């Protein structure tokens, strides 16, 4: 290790600024960078615009902690439980602060980030025609296709300031790898000005170069690599651990009112210095239950010559 | 064996919407059970896709609560990006999608965004996720919903996922080149739409419900044909399959 | 084997028709489906429109054999040697027949196929502005961006009738896998109405399901799988064999005039019944020289739970 | 050690165009040697990308003739689709690309399509491949060409890959938001462009060539500064590195 490897505290401090547009949870339900989100809360970042398709409860936590001015997303809730209460309180009651929403479907958000990745100002689509989401969105436009006469919706490019990804592994230079479903991980990373990757394991360069098809973001576009085991808990990470459904249920039950959420925040975020202390609260035996029990190994392929 | 619950009736009705060789945008909960049931009965060649970026043709290795759970990844045939999955949708290669709903109205429009006005909602719901994309782009979609009066209003508060809009040629006029709801499956009945007028009609009533109960518990009134058949009840074999995949009744009891 | 596995003769006969638009060589220099192309020549297919970014010499062979009415491509030649003479003769002299050209750059062709994959009628780009390629192309359009005022070029979607891909492996149901660079393989396959995949090896379903991130095209979109070892020779296939440069050099030298090409065609295409006979002409010892000498194996990853 | 060949002078001049941490669209032949030379001297952090869908930061395991050869894949750090690579280009993340050329003119426009008219060419060339994309979208590009009169016409027969067009603000007027040629490296000299006027000027003459030889072998006349320096000759160390990667002189003799 050396290269671009930083502690979580340093990475968030150096590469996330107040007012930034931050994309997180781009893989949808798996590999959500919870540890990074909690460090953002501890560092008291303000006025963030969060971008993500299905953020599960991470966005809810950041909203409740007062870090967020705006959300650009397609679904904000608790995937296995339904509603997320900080989000509801913010929209319904302006607590702890009013929230600006720029709502997408998963696909239109995907296209916005793809346009950002591709370096074009917009991409055309047939989705959302007839949906009230198209009516209320501040910057979708309509267009008649010059080839077919079809009605199309134009989705403008999103270029976040920072992408924060959780991945199973990367080398110290930031060549990050993934397997299993990827959601919008690549598009989010390539569309963003800065990239922070959190990994379960910093591996040798040779692990990367022996399987370069698993690379989802090349190191030359990455600013920081943070090694943080269990950094995506309670969300799952392929090759490492499964989802902790119970944690989502408890969160759902404990955060129904504002005070409950503040207690939750004290226990799991402010009350711990970093991810290591968070894991101590959970306990080793508890975590063991989410480790992989049934292995399902890939067969090596040969990149030789 | 105990008789079927309303949720089990829904699962079976959902499974019957799936044709062999369909590419199905599955989702979670009841539709996932419908898909697994269809696979083991009449639709062995159907494949299921998930917007995280995943295709499988067999059930997950263990029961799952989200499509990103590891048992859903193990044994998949294709793991990829969301854009590849959405491209299948947009290019017309997805036959069928299932949608859950907070509200669905007489034209099959679905609301998962808010109760009340959008700018100051009484209840703010999580939003579209991929639902609007399925409603706009799949060849057909099926709505799964509890048969409760406030869930079945004449007009939804917000069209998250468009059905037939205001009926007639509304979808075509919006630029939607295919699709629309093929059925609404509630805890009490199956509702379908006239292919010409887009008008909703009562297709069948689940065993254990009556026409009165169906109509009392909804704000709008579908066309009632002269005789409304009973939804064919789940067979013993179907119930066995459902209970194999939901042994504790997490979703179906 | 069973499922969708067919012989090359059957697959080409059933799924390639006269007048079809056929995309081949979508991975650029590697994995070119030469065996499939030669079977197309033997079956005397006519009036084809060939689509491919850099076809190396396969397109030249099909042009010289009189199968082709039109090429939609970005570069037609012999990658390691320069010009391809059948292509030159067709354009310069109308021999064996005049050729309609719809010229792209690699990127604009990529966008045309991506638009086909995505199901939109066009995609916008900043490439080719100022290039004479944009001036002469029959269906590019210009547009002012409604967001930025930028000048953009619109590339209309391409939806070929058939994609023919060479891949290292697939299962009998057509779940095809690749590793290493992919070029436009996925876009070509997903944009096409029918898909034929030629593989070095038909593998068990479990090989696929133990590494689903290598799947480039799911079986439900595939019409035929052909197991044809060395079916991409003289182009390389990861995990199997490297490029036979010498074969390209000989082709270059032997096809400078029309008679030379006809002799070449007799020797390598008409004079052999199928790929097995073609390989016999090359000889086992000769082929050995292109087998992988230095292995470069990936480390297994765990998709377990 | 034998003195440098003209091709070796080009390789060295090409290498000097590469800055540390550049993302370089490499291509084959001489530019590949330039890239490897730069990596081993002043630009250890440069990375090379290839349009087949590949990024590497070290030389191929064995010598290669196409970017798709297996030794170029072994040891890569990223293998992916062409669209990912082209997206890097279009979004401005590629610093530098190298282009070969059949013709290049006084504004750095490059032709690889045809000699004569497009509709009935005297010689039909292979076409653009990715060259036009690099010329349009990279931050800057360098043309590598043999210094021969017919290759250096006043105006190319066909603009495959746009340079500065007709000079002045031509690129901006076309909608090209960045880029353009930063150098033409021939077997005899290096030509650059005035940043304001886009006018070409003679930047340096390779050791062994004279001003007369440069001008006699081209159809257009770059601006000639009062004194034209000699291109710094390859050092012994540089020649050793080139000859390590091209031991048989396949490309450089």
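Letters A, B, C and D mark the chains in the order given here, with residues in each chain numbered from 1 onward.
Basically, a contact is a pair of C-beta atoms (placed from the backbone, for glycine too) under 8 Å apart; a residue touches a chain by one contact, two chains touch by 3 or more.
These numbers were taken from a predicted model, which means no experiment stands behind them.
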Subject >> chain D reached from chain A - shortest hop count over touching chains >> reply: 1
Original post:
So which one's got more C-beta contacts, B-C or A-B?
Top reply: A-B
Subject >> Intercentroid distance (Cα basis), chain C paired with chain B, Å >> reply: 40
**OP:** Indicate the whole-number Å distance between the mean C-alpha point of chain C and the mean C-alpha point of chain D.
**Re:** 28
Subject >> Approximate Å spacing (C-alpha centroids) for the pair chain B, chain D >> reply: 57
Subject >> chain C: positions in contact with at least two other chains >> reply: 119-120, 125-126, 150, 152, 179-180, 186, 212-213, 238, 242, 292, 294, 296, 303-305
Subject >> Residues within chain B bordering two or more other chains >> reply: 54, 61, 69-71, 73-76, 79-80, 83, 89-90, 137
**OP:** Could you tell me which shape the graph of touching chains takes: line, ring, star, complete or other?
**Re:** other
**OP:** If two chains touch, include that pair; go through all of them.
**Re:** A-B, A-C, A-D, B-C, C-D
**OP:** Please name which positions on chain D make contact with chain A in the complex.
**Re:** 21, 23, 47, 54-55, 61-62, 69-71, 73-80, 83-84, 87-93, 137
Subject >> Touching residues on chain A, where the partner in the complex is chain D >> reply: 116-120, 175, 186, 190, 205, 208-209, 212-213, 215, 218-221, 303-305
Original post:
Taking the complex as given, what residues does chain C use to touch chain A?
Top reply: 119-126, 139, 141, 143, 145-148, 150, 152, 154, 156, 168, 178-180, 207, 210-214, 238-239, 242, 292-305
**OP:** Using the touch rule from the top, collect the residues of chain B that touch chain A in their complex.
**Re:** 50-54, 61, 65-71, 73-76, 79-83, 86, 89-90, 113, 118, 120-133, 135-137, 158-162, 165, 170-171, 174-177
Subject >> Contact set on chain A toward chain B in their complex >> reply: 27-30, 53-54, 56, 73-77, 79-80, 82-84, 87-88, 91-92, 103-108, 110-111, 114, 125-133, 136, 150-152, 179-187, 235-236, 238, 242-243, 245, 292, 294, 296
